[in-house]
Amino acid sequence: MNPKVAVIMGSDSDLPIIKETTEVLDQFKIKYQLHVLSAHRTPEKTIAFAKKAYQKGIKVIIAGAGGAAHLPGIIAAFFPLPVIGLPIKSKTLNGLDSLYSIVQMPPGVPVGTVAINGAKNAALLALEILAVSDNKIKEALLSFRKKQQQTVKEKSKKLNRLGAKEYLKTKK
Amino acid sequence: MNPKVAVIMGSDSDLPIIKETTEVLDQFKIKYQLHVLSAHRTPEKTIAFAKKAYQKGIKVIIAGAGGAAHLPGIIAAFFPLPVIGLPIKSKTLNGLDSLYSIVQMPPGVPVGTVAINGAKNAALLALEILAVSDNKIKEALLSFRKKQQQTVKEKSKKLNRLGAKEYLKTKK
Amino acid sequence: MNPKVAVIMGSDSDLPIIKETTEVLDQFKIKYQLHVLSAHRTPEKTIAFAKKAYQKGIKVIIAGAGGAAHLPGIIAAFFPLPVIGLPIKSKTLNGLDSLYSIVQMPPGVPVGTVAINGAKNAALLALEILAVSDNKIKEALLSFRKKQQQTVKEKSKKLNRLGAKEYLKTKK
Amino acid sequence: MNPKVAVIMGSDSDLPIIKETTEVLDQFKIKYQLHVLSAHRTPEKTIAFAKKAYQKGIKVIIAGAGGAAHLPGIIAAFFPLPVIGLPIKSKTLNGLDSLYSIVQMPPGVPVGTVAINGAKNAALLALEILAVSDNKIKEALLSFRKKQQQTVKEKSKKLNRLGAKEYLKTKK
Amino acid sequence: MNPKVAVIMGSDSDLPIIKETTEVLDQFKIKYQLHVLSAHRTPEKTIAFAKKAYQKGIKVIIAGAGGAAHLPGIIAAFFPLPVIGLPIKSKTLNGLDSLYSIVQMPPGVPVGTVAINGAKNAALLALEILAVSDNKIKEALLSFRKKQQQTVKEKSKKLNRLGAKEYLKTKK
Amino acid sequence: MNPKVAVIMGSDSDLPIIKETTEVLDQFKIKYQLHVLSAHRTPEKTIAFAKKAYQKGIKVIIAGAGGAAHLPGIIAAFFPLPVIGLPIKSKTLNGLDSLYSIVQMPPGVPVGTVAINGAKNAALLALEILAVSDNKIKEALLSFRKKQQQTVKEKSKKLNRLGAKEYLKTKK
Amino acid sequence: MNPKVAVIMGSDSDLPIIKETTEVLDQFKIKYQLHVLSAHRTPEKTIAFAKKAYQKGIKVIIAGAGGAAHLPGIIAAFFPLPVIGLPIKSKTLNGLDSLYSIVQMPPGVPVGTVAINGAKNAALLALEILAVSDNKIKEALLSFRKKQQQTVKEKSKKLNRLGAKEYLKTKK
Amino acid sequence: MNPKVAVIMGSDSDLPIIKETTEVLDQFKIKYQLHVLSAHRTPEKTIAFAKKAYQKGIKVIIAGAGGAAHLPGIIAAFFPLPVIGLPIKSKTLNGLDSLYSIVQMPPGVPVGTVAINGAKNAALLALEILAVSDNKIKEALLSFRKKQQQTVKEKSKKLNRLGAKEYLKTKK
């Protein structure tokens, strides 16, 4: 079966963040495509990808970009299914530029935006979108949430037992 | 058939913006629930809604809120399918507070965020999510995009014909 | 006697800051509860805590959170006594997101907010609130302020004596 | 009985906002002092007030100010019980200056800050602080919250009944 | 002779600002193309334009856009000669979003950006670029600057003569 | 005697704000020069003014400007005595651009900056500078401060007498 | 032949960034002048340079500056051909001050601004401007873009082959 | 002779910046007082200082502070001669909070503000203020400016001679 998710980034310097997206997808055993596609440096290839993705069975595209960060918006202009925008923290404006460029799309062409460097949530949002029509993913998400809950509860218990000072020592 | 979409807002003062969301859904003939639910003033009812929504067949929730704007995040904490966050322009910080509160979700619980006052795109993103598994909606979206394209092209032609000055006169 | 103060945080990664809150409370010999409670990852437990806190004798809750930082607001939705919001500096927006999410609460449900990473002041504000009806705490606060004053005055004297250059050497 | 609450403002141009604070206090039948006190234009009087307030039975001070907004901080320097800072929206920076000046207090002297123009919440936070040791106010707050809840629920029902378009017509 | 300048905008709602660009070009008797081209709503047409512009003799493109404002960057990805980006003031973020999206281009593909709503300067920068190899335009620019200088000097003289109060009366 | 103060502005559109500066100077009977001088549109004249001001007996220059707001800095580059920078509120960035351009001067060439649109304070700061060596101005400033104090105190008394609601009626 | 490009900076502390500008020019074999010119510390020399540049055959000036960053604007006031403004990241405001000071020029005197620290793009924009009338530079730019495209495509292929984890290892 | 300048700071943690102020004053052989005075932690002492400073011959006060940064404003409320505000870069908001708190003073009580961490300029502005009535300081300032000019010119020459790459090597 072809992958239903594509994960793309504007530059390979975004990969250390994007890797967290792929790790979540791997953990849920979801196949995905992975590309470096620059809206500005490889515009033809980017547009060709965006046009064909839909016919090739891609259902959701996660696009990470920083600075002017046009990639998610340009993909969304050609792809009629959900595009998830992942603003990458930039060197000079802390990712504010990336966030505004991605989230402030004009009426008619939406990009569902997650937090600056919110790479895990980009994957989880993609999974939630697939879960709308896929019960197995839905169940996997529900059990992920339970486990997550458990982890926080255990931390709280440990903190209750040890107090702030001792707890912090165990984390070093 | 039960509605698959719920549109909720933190206060009825957000309704003039939220109305644009419902108009797009109406235009696509998509049924939806419509509620005022405050994360702070009616927290019990909000949580009860978030918990039951999933069992009642809701597939996507659009949540509009302004200021501290906790509504989308709280809904997402209980609802395992996609939540679309719509930041409403606020009186003192122009919606920057709404945007940050909604988009900067912690790892584990995503909210797909659209532009400040991006009410039309909230509806379109919901439709795109449903279109992943619904061909009729997908076709409707494709034809919506074509019409949209046509409108812009006609404006451009008219502008070519009239020039800036005359064009602006026709808009008054 | 049951603790009158609860100190909670959205994630144990906030603990290095929150520890300064607990140290001030320890210094004033005030008992407190200490929990990790995530508005998004453990919403049920968070709400259960918020509802019961009041019956169990908690008089003030200090809630630290970063990013979307919904914890203080959600607690305040269920807890009718003072909630002190402590915005934690975030990695991408320097805590501006935390500050706006916590302070910009809608009319009807206040959160008394302190500075970004203002962990000591969160404790002191809790003490001031208790001091309204507790003379011992009031006296302790007054003597704390005197000592604080003394410290600054001694620094000023030392600076007068040594001059800027020598003073800085003694601090290395 | 002497008032336990003082409401002060840096300039009478803040009064249209501050009036919402006094209206909430009136509604809860709480007596209060009301002064114009400028940290910069009447510094002596401001400091004299701050020093004496405590002896005269004032338990909480609500201080509203805009721009450089030093009033709450200066009051807090002299008053050992809770000071609530109310940032007033300013003409040039939308109240961001007021917010930062009030909330970013240094360690040792806290100001519990509410939203920009959050005048109602300033009063409610003062009431919550008094409610820590006053059961009558606590009960009044609980019933206020219930009424508030009721109002939102009725709006939601009305919206369900009328739909967005008709609802908005009734508000004109 | 074919026009050497193209003036494009993302939406006809930008036209009231863009008109000031065309007026400066008209004043200098420079022919130009004028189009509405949306990077998101008419992406194919936009790219087709960008690719062909160069062959058709266009030497400079002025692109105005607001919000996510991807138009100038996308044009620059296909057009190897200067692109001037004109950020249009947006409704929710005052044009900060437009400015960041346009100016923060990644290394390799520049956009020369002018002030938010700096429509006149967009035209003047285009003229300066043409003036590098066109003496007639250079002379026209020099005489424009002289006239501009004269205007300011006359205002200063009038102000000297009348004083602030009387001067302001003459402007009503 | 020649004026010791010059008041200059980058554009006559700044005059409605600058007028408040001249009114304070008039009130203190201080003579001043008044010019429109643009760092960008009349650079030669601006520099000539800056160079000669010092020889002609000018002791303080107040320079108001908006947007890129280079005027105060350029004047300071040539004038060895105090330059007061007055940032004018701009149309697109609310005067933040003006403030940063004026206040963030590099080491070596200071500009003493007042609030955005702080036209009265620009005049008062100039007077304080002259008062360092002019007892008459110092006395006038002291009595100005007393009067100012009186005004605030009277407002406070009136507010005490009337309460918020009635007070506001008297201001309409 | 005299250089057609001048690269200037406000301080030699900007040189580590500016060096990237000169490296691009070197790579394209474009001769250039290189100066430290401070609008505030060497204003006379700066203005003398700006006035003569035009007669000496300079066609484009690239001016990098940080903080108040008046250099590009002052140069533009005297130089009738294109000035490219390069905002340098500043220590306290991350280059926001530099960006606003440079881009927000008043009508009449444009500065074509590139990204904060966008030193490579400053050079490329200068080359594009020269390419308007120089076919050799135009061809060099086209082949530069092709190579740039190739690099991104190869990275994408490598990423496809290795996956995120292995790819990142090869970059250490 | 008593010092005419006082340099004060809100906390001794500001001293590494403030030291640059004292170094400039030392270099000009200007005597000064040096104190740690906290508007919040030692308010009485701060006010006592502000009131007496004037009688003791202080002509200018330089006040450095960070965060809420009320010190310069409070001093200005009591001191009728020039107060120079020096915003110190803060840990969480990069000094934006300090800047706004210091510069946005209300009409009636000005503070002449310099750049964030602009410690040298604070001293130079104080010197310029004294130079209004002190020819020796004026001459010293003029010769300081000449030397400063010389330094920049020498750097430019060296850069011309060595080129960017070699120049940077000499700075390591």
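By letter and in written order, the chains are A, B, C, D, E, F, G and H; residue numbering begins at 1 in each of them.
Convention: contacts are C-beta pairs under 8 Å (C-beta built on N, C-alpha and C of every residue); 3 or more make two chains touch, one makes a residue touch a chain.
Only a predicted model underlies this, so the values are computations on that prediction, with no experimental measurement involved.
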Those chains which touch subunit G and also touch subunit F: E, H
Between E-G and C-H, the pair joined by more C-beta contacts: E-G
Euclidean distance of C-alpha centroids - subunit A vs subunit B, Å: 20
Distance from subunit F to subunit D - Cα centre to Cα centre, in angstrom: 33
Gap in Å, rounded to a whole number, between the CA centres of subunit H and subunit A: 47
Junction residues of subunit E, two or more chains touched: 11, 38, 41, 67-68, 92-94, 96, 103-106, 108-109, 115-116, 145, 148
Every chain pair meeting the contact rule: A-B, A-C, A-E, A-G, B-C, B-D, B-E, C-D, C-H, D-F, D-H, E-F, E-G, F-G, F-H, G-H
Interface residues, subunit G side, partner subunit F - complex: 10-11, 38-41, 43, 47, 67-70, 73-74, 76-78, 90, 92-93, 96-97, 100-106, 108-109
Contact footprint of subunit D on subunit B as seen in their complex: 11-12, 15-16, 18-19, 22, 34-38, 41-42, 45, 67-68, 91-94
In the complex, subunit G residues that touch subunit E: 59-60, 80-82, 84, 99, 103-116, 118, 120-122, 124-125, 128-133, 138, 141-142, 145, 148
Contact footprint of subunit E on subunit B as seen in their complex: 89, 94-96, 115-117, 145, 148-149, 152-153, 155-156, 159-160, 163-165, 167-168, 171
